[in-house]
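Shared between the two complexes below is subunit A, which has subunit B as its partner in the first and subunit C in the second.
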Partner chain A sequence: MQNPAIEYDYTVAKWFSYLAILFGIIGMGVGVWIAFELAFPELNYVAGEYTLFSRLRPLHTNAVAFGFTLSGIFATWYYVGQRVLKVSMAESKFLMAVGKLHFWLYFITILLAVVTLLTRYTTSKEYAQLEWPIDILVVIWWVLWGISIFGLIGIRREKTLYISLWYYIATFLGVAMLYLFNNMEVPTYFVAGMGDIMHSVSMYAGTNDAMVQWWYGHNAVAFVFTVPIIAMIYYYLPKESGQPVYSYKLSLLSFWGLMFVYLWAGGHHLIYSTVPDWMQTMGSVFSVILILPSWGSALNMLLTMKGEWGQLKENPLIKFMVLASTFYMLSTLEGPIQSIKSVNALAHFTDWIPGHVHDGTLGWVGFMIIAAIMHMAPRFYKREIYSKKLLEMQFWLQTTGIVLYFSSMWIAGITQGMMWRAVDQYGNLAYSFIDTVTVLHPYYTLRGIGGLFYFIGLFMWAYNFYKTMTAAKQIEKEPAFATPMAG
Partner chain B sequence: MDPKFIQGVLYLVFIIFLTFILYGYIIHLYRSEKKGEKDYEKYGKLALDDELTSKPVEGIEEENKKESK
Partner chain C sequence: MFSWLEKNPFFFAVGVFIVIAFAGLVEIVPDFAQQSRPVAGAKPYDLLKLAGRNVYIKDSCNACHSQLIRPFKSETDRYGMYSLNGEYAYDRPFLWGSKRTGPDLHRVGNYRTSDWHANHMWDPISVVPGSIMPAYKHMFTNETDLETAYAEAVTVKKVFNVPYDKDIDGDGKIDVPLGSFEEAKERALKEALKVAEETKREDLVQMVKSGKIPEIVALIAYLNGLK
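Our next item is the complex of A and B:
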């Protein structure tokens, strides 16, 4: 048997957890700011060009998706990977070095992303704004992550790969494929011999560019906001509750269903655009089918709690995770509804869309990462969670924030869509654009307040994590299931 | 023949084929469990019993030994 002196090594997992907190605060701070900019436009001009909505919006999306979420994904990988394979990173100097290099290159990349986006370097492709030198850096550390995944699998003691690992592997392969194809670009300086060395143009043009872009864009949602988060919940919810996953077979079926269906759904971003009609229909149809594997995973999680619902009352981490899977169900029902052509005619370009995105990202992605990191913290530092009360307060404050966010955006979006299409008896548009802006003002303010609640919750999380690390009561041995917390 | 008609038929055939694959996979999962070839549900323990000192659900070393026999 293995040497009992060896322990799991959480160094890299800890580092990525710090970054998740840091980039969560930066990314969502910018998000709250730009939410208020939409309600109070004068905020655009607080710091010259640097606070313009157009400059800050890509910063927000990149920082939350590729700063906060990816950090959470990597932190949990470097924790879950070791545990379900029953092998420590301390057993391989090579894999430890790869993990640390992965961390530092990633950190530098995201800092460069923040600086370049603020200084107006952008490809102007949504969620793929980073310019070509940064793209190359991304590829390098993505490959390092792959080496870490397959390297750890190579030295494992446990033969079978737990379902979470299937999802981490799918994340690795999916993003690699999407990222490479969508970021095919020509650095113009090397062709023209003039201009800015950072500038590039896409290798695709017109409608083709749009199709590749939304094949990427939607699957970025799949492979950054969905697949790795499912990887997390399949580990952390059973572990925290002490209940094995309700049906392992259902988890396998949902996995293959999700993998097959998701890749075809991106066309729903281009309904009523210049892409072929059959492709739009295919996007709609596959989006609707996507409900099945999504709900398969979510129900599997809720059923894992069967007979143990008392834990929901007692344990705030269970609250975070159960609400996360509930929000996952909500947004995977809402998305398909929005992708139906007739609904899309109303919903497209309205605030209902960011409403949908945020009940997924704040409720599902954010809550799952928060819960995962707070589950790990006592195992990192051999201390109990500093304050259960604070965690409870954070949960309720952030839940209220999400509800304010999506309910205001539902009302705003549908109002907006109805006003845009309203015509008088002669067929003239009933409202001008500014009429909609005036009507929407209170909802924009409410959305900003909702975001602010969530943002304040992040500081509660950061404080609780910091105090857990430094001042909470020490525990003698790693807890098997429920995370110990001080009142 | 109208290309739209061919497109429609192909689409239907494709859907039936995929449905067949999906149900085939479900049947495969349940049948291999019923025959005693596989016990999928035991893998749920991988998340719960995950100490470095825990006995693997299916250890690499044991499997290698089985194969060499």
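Our next item is the complex of A and C:
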């Protein structure tokens, strides 16, 4: 269904794809390192204070969320946007310039983030650690991205917005709102005229600060790890499989349902804290309701494969995407379970929470971005994918890694939660805190190994991508559906 | 309606924004003022403690330690009285954390001493065998950034009316004096010396006497104040 008159320009999409691979390797490399630090604490001292767990942990989360994932989101936007709107970036010098500026400012921001986090500049708020000058940079390139989205929409030939676009627009608006409100801070230098110019103090205090932070933190997950990834799967899965989206009505229900319900659920991070009880309950209840729109999207994708399940055997990219949907279902069932008050009492503060985050991010986000970029590569370079075998191996290695990761963290989390509350026959606490730490050693080791598997998979991905770019067999025509692959 | 929205991006975007903004308004706004109220007896951090709190933040102690005791017997037995909303009134940012790789610290001042902290931060395993916490030796040589902490205190006093230099409990005395930077620094040095002596480490005492406060001393002052 391609319009032969349009020659799409993938310059910016390519650049962001390189960054996704680069930041994927850096961010997850740090992740594997700190995972092993928990099992083998000597690793903390490898590079003095710069490899302390507490220094690297924010670097890991920022590098994967805002380095790897956002790069993937932008790469796919600069590819999908043109194609579903039937307009090329090359048609507008302005939008091309905006795209390139977006890329460079983004790149500089992430580099600054790495440097400042390593040199102890942090606001301490999770996923919002960056200090105010970097926040301003973020706002600038976020606005540039908005100009790119609405600019391209402004000159579109296809009048109806495809489902993926709904989700990209929602990502833009959602993150803009959340980021602005949560990062409200007063730079102290400008009020007092002394001290560190980078330092700022939060606009909110105590419980209010916590509420705004988790309204942000939870929904950063929504609008970075969920909404734009759904945008991707709605494009790449039908494209790769040649199957139409199963149900328009289901996509409508899931989209508007997700938009409305997701934002309420932030309160589940604050159960049994000092925020008002009614808000904790709202957070809990809406988290359970959230299963509906989440599973709606995932089922819509799985049913898109109806009658075509044979492709799962033939095509590793379909494998990645179908398993991504499945992990999305697992993660969006697990989250609501953890939000139920009595379960939360056990799970909160334990390793079950990072376990939950990682089956979502590694399984759903990571797999979808990997599949999207490998779908695009042959279309970028007019070459086949270099090695199907390597892609298959990567898939199985990484899947094993994820399973090791979440199963070890389930056990670790529930073990620790149970030990914290265990009492002896007289009602005294049965374990001192350190008992509940040393018991986790085998699970921490296993988790590190799972992460390592996934990390090795990233190198296979990078190598395959590089070879596709430079050495794979050339193809004459852009493939319409299934991506061609060599052995 | 939906197919119309899908052809009109502007109204589509407005629609999405209204739908997503709704929840935040309903959940956050109504209780905002009430939640800002300090509990009786709550006082803002003095300069040294505020500087120590910034050290806590700089090295992301909150990545592994919570400051939120939940209202369960297993938690109050282990950590003390459950946390109250008004105790956090002067916490900018809040430091509840989300993961207890190490224990909660909200009332650590009740059951740990300065020398315990100093020994523990220098070599955790020597104090808690089996601990996976790393040592934070750079805090023993780095000088505390009092100027930035002072700038923060002045900022919250001016912008958010945090009651420095005020009589909070009505006993006719100023509760948490701030004053000029020189005054505040002198007070901080005095308090730091006390903490440094409690750690029984000569290097820390000497450093404070020479007019420089090691980060570890400020951090311990902050931790001792968590009660």
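Convention: the second predicted complex is superposed on the first by the 481 of 487 C-alpha atoms of A that agree within 3 Å, B and C clash if a C-alpha of one lies under 4 Å from a C-alpha of the other, contacts with A are read in each partner's own complex, and residues count from 1 in each chain.
In this text, a contact is a pair of C-beta atoms (placed from the backbone, for glycine too) under 8 Å apart; a residue touches a chain by one contact, two chains touch by 3 or more.
Quick caveat, the model's predicted, so the values are computed rather than measured.
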| item | value |
| --- | --- |
| Clash-or-fit label for the pair subunit B, subunit C on subunit A | fit |
| Partner chain(s) touched by A:E7 [first = subunit B, second = subunit C, both, neither] | first |
| Partner chain(s) touched by A:Y381 [first = subunit B, second = subunit C, both, neither] | neither |
| Centroid geometry (CA): angle subunit B/subunit A/subunit C, rounded to a multiple of 10 degrees | 110 |
| Subunit B versus subunit C as contact partner of A:S88, first or second or both or neither | first |
| First, second, both or neither for A:Y466, with subunit B first and subunit C second | neither |
| Broader residue contact with subunit A after superposition on the shared chain, subunit B or subunit C | C |
| Which superposed partner A:K159 touches (first subunit B, second subunit C, both, neither) | both |
| First (subunit B), second (subunit C), both or neither touched by A:L252 | both |
| Which superposed partner A:W215 touches (first subunit B, second subunit C, both, neither) | second |
| Subunit B versus subunit C as contact partner of A:P238, first or second or both or neither | first |
| Where subunit B and subunit C come nearest after superposition, their Cα distance in Å | 7 |
| On subunit A, positions contacted by subunit B and by subunit C | 159-160, 252, 256, 260 |
| Subunit A residues within the subunit C interface of the complex | 37-38, 41, 44-45, 48-49, 52-55, 57-58, 120-126, 150, 153, 159-161, 166, 169-170, 173-174, 177, 181, 186, 188-189, 191-196, 199, 201-202, 204-213, 215, 252, 256, 259-260, 262-264, 266-267, 269, 272-276, 279, 282, 286, 345, 348-351, 353-354, 420-421, 423, 428-429, 433-434, 437-438 |
| Subunit A-facing residues of subunit C, complex | 2-3, 6-7, 9, 12-13, 16-17, 19-24, 27-28, 31-32, 35-36, 54, 57-64, 66, 68, 70-72, 74-75, 77-78, 83-85, 87-103, 128-138, 145, 147-152, 154-156, 158-160, 181 |
| Residue ranges of subunit B touching subunit A (in the complex, touch as defined) | 7, 18, 22, 25-26, 29-30, 33, 40-48, 50-54, 56-61, 63 |
| Contact footprint of subunit B on subunit A as seen in their complex | 1-2, 4, 6-8, 83-84, 86-88, 156-160, 162-164, 234-235, 238-239, 242, 244-245, 247-249, 252-253, 256-257, 260, 278, 478, 481 |
